[in-house]
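Below is one structure. I have some questions about it.
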């Protein structure tokens, strides 16, 4: 009984935390990109615009709900929900803190021995929502946008999966907690031995979440709004939240698999002074770093063209990921012998 | 040469150069201004809201010569006048300025022989109603009634 | 049941191939990157453009006809609104045509100040072009950086002419009034910061692999085609044709200044980008020469209050930021022109769109519309 209660409390806390995080990620994005563009970003709602995400959310919820007459209504309604649901489902398996974290209750909802595989699998279901949304809108721009996203997902999922294979080989486990523990044991975070995989993973992650410079499914200068052109009000908000939740997911996986999750950097030097900081703070900091890079990239780079995106995925990233996998396995094999 | 290019491509030199520019801008000061609170400097010659000048007795300076109306490309000025039977001078009876049509070209201001009509540096001219843009002489003399933004 | 039978009969793969048909996509008139109200009807095969048609006229105001009903002087503010991004250049072209028609000699001082202002307008127009072009391709930060510099130019315009966008800067015979105090300093300050800012844009774009991938070999047009279509301005010079009216038929005092005409080699989007960036630097060079050499004298010539040019017709054109902007004016000896015909560069440059776009992707159409630097206010007039 106590076990169930703990899980429920954890779910509530994490869900609330992630929802808030997603909302404030939009604020962060507007602020960071604003400052990079020598302006200030939101400043009017609350102190330095701090209440802006709440105002935005309220606005989207009260807006009129428009369902185009020519659309496939059931799918049109279902699609954003699918997208949203899977974006949030992933957090079940992400360790925010170590097994001793969260005051001894364990810093994760559940630790499955196929955790990482599960996360990747669920995350890729989300794209069904995008496809359905684009298709059900029965409009040309969303159709093109959703077709692009299918192609993008298929080509980048492969390279991404192969890239995470490197750390998995090093850790010898698919469990997220074990991967972090392996990094603790090894004394060095996996992004050092797996730098190639790390870069490939991050590029694929950006592409997976449809962010600049790979934001083709929703390239506003070409396809107006991409797959969500016909969406408005809270259905649009669901898509929007899903996109940002996916960003956090990708960052969280990167932080866990490559940057040692809840571990403290340089424990031998900083250990005595900073040991009072709980693990989830370190984890949040690492996630924040990735999110910042996301926004930084968005503010700086132009957008790739569709065929170029495909070429990068299949001709550069995929062979590199395979090569990285092979080299890693050979080295591990050699060391074992 | 090709080797060098390849190395710089693998090390993302071109991209890092761009990233450094945006990062530098992020830590520098913003150049925008928070509009209703801060206002930028308006230069003296700015052609904004029209005003009609009055003389020291509070009477209009306008001599109803109609030059402004004739020199308006869009015809947004209407001057009505009648001849005073005693002094044989034209006296202004009605002056209408339709701001919806105004181009703010400044021809009226330039041509006015008595410097009566002037385009001021006021630039906040929004109204809720179209008829509020049609200004009569008294409105032109004391300025348009403004709707202020309240937070 | 019949349908089921039919499917069984035909080869399924064949059916599938037949089922793919061209997708007609309406881009615009309300689309984020058609730079106004241009409507492009695209025929797509997958995402490749197989046919393209432009539909214009959504912004038609009848400027040519309106100017027939107004006196020569009063039509000038309308010309600002053709290519509203470089209002000063339009105004100059119109005013010069009328001066040529009426035989007015403009004092040297006014000419120099006109050169400074039009070159500033060229920089401002190119900045706005770069901003929107980069935004179309996805580089959103360049957009605001360019606007930051453009703001400085608009401030100078406001200081001199009294308006930021539709400046109505010149009058027949010269300037409406002398330049204010602080003008020289403001222009020089701007020229000081400009090269650093341009190198900032270059750091973000010129060598960037994504920018190169998106602009190299996109929208290529050969010099022969460019001339045949009637491209002018940077779009023509990007193809390697060294044609600039400032050198070919110097107007104002352009023959007194030293400057180069940058040209491209391949005639692709990237070359046109480089040409425009270099033009900004050259414009700065001209401004610096002009500001140091402003002669003493009147700012306007004596012009009769009611202008009645002699009977006749005249064509005059200048090198506007977007290309050759010409005015053809017929006078019947009265106070109003008999006919005003405007030859705007954007309209001619748009004709190259089809040639440049065929066989490219939808995303390239956006880039090509951007590189042609069209303004719908001038296309539709």
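Order of writing sets the labels: A, B and C. Residues in every chain begin at 1.
Everything below uses one rule, namely that a contact is a pair of C-beta atoms (placed from the backbone, for glycine too) under 8 Å apart; a residue touches a chain by one contact, two chains touch by 3 or more.
Not measured: the values here are computed from a predicted model.
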| item | value |
| --- | --- |
| More contacts between chains, A-C or A-B | A-C |
| Chain nearest the overall C-alpha centroid of the shown protein atoms | C |
| For chain B paired with chain C, centre-to-centre distance based on mean C-alpha positions, whole Å | 25 |
| Cα-centroid distance, chain A relative to chain B, in whole angstrom | 49 |
| Cα-centroid distance, chain A relative to chain C, in whole angstrom | 42 |
| Junction residues of chain B, two or more chains touched | 15, 18, 21-22, 25, 31 |
| Multi-chain contact residues (two or more partners), chain A | 36-39, 299-301 |
| For chain C, residues contacting two or more additional chains | 141, 145, 148, 204-205, 208 |
| Complex interface listing, chain C residues touching chain B | 70, 73-78, 141, 145, 148, 151, 155, 158-163, 166, 168, 176-177, 180, 200, 203-205, 207-209 |
| Chain C residues within the chain A interface of the complex | 23, 25-26, 31-33, 47, 134-141, 143-145, 148, 204-205, 208, 210-211, 213-214, 361-364, 366 |
| Contact footprint of chain C on chain B as seen in their complex | 9, 14-15, 17-18, 20-22, 25, 31, 42-47, 71-73, 103-107, 110, 119 |
| Chain B - residues contacting chain A, complex | 15, 18-19, 21-23, 25-32, 34, 151 |
| Of all residues in chain A, those that touch chain C in their complex | 33, 36-39, 140-141, 144, 212-213, 215-216, 219-224, 298-308 |
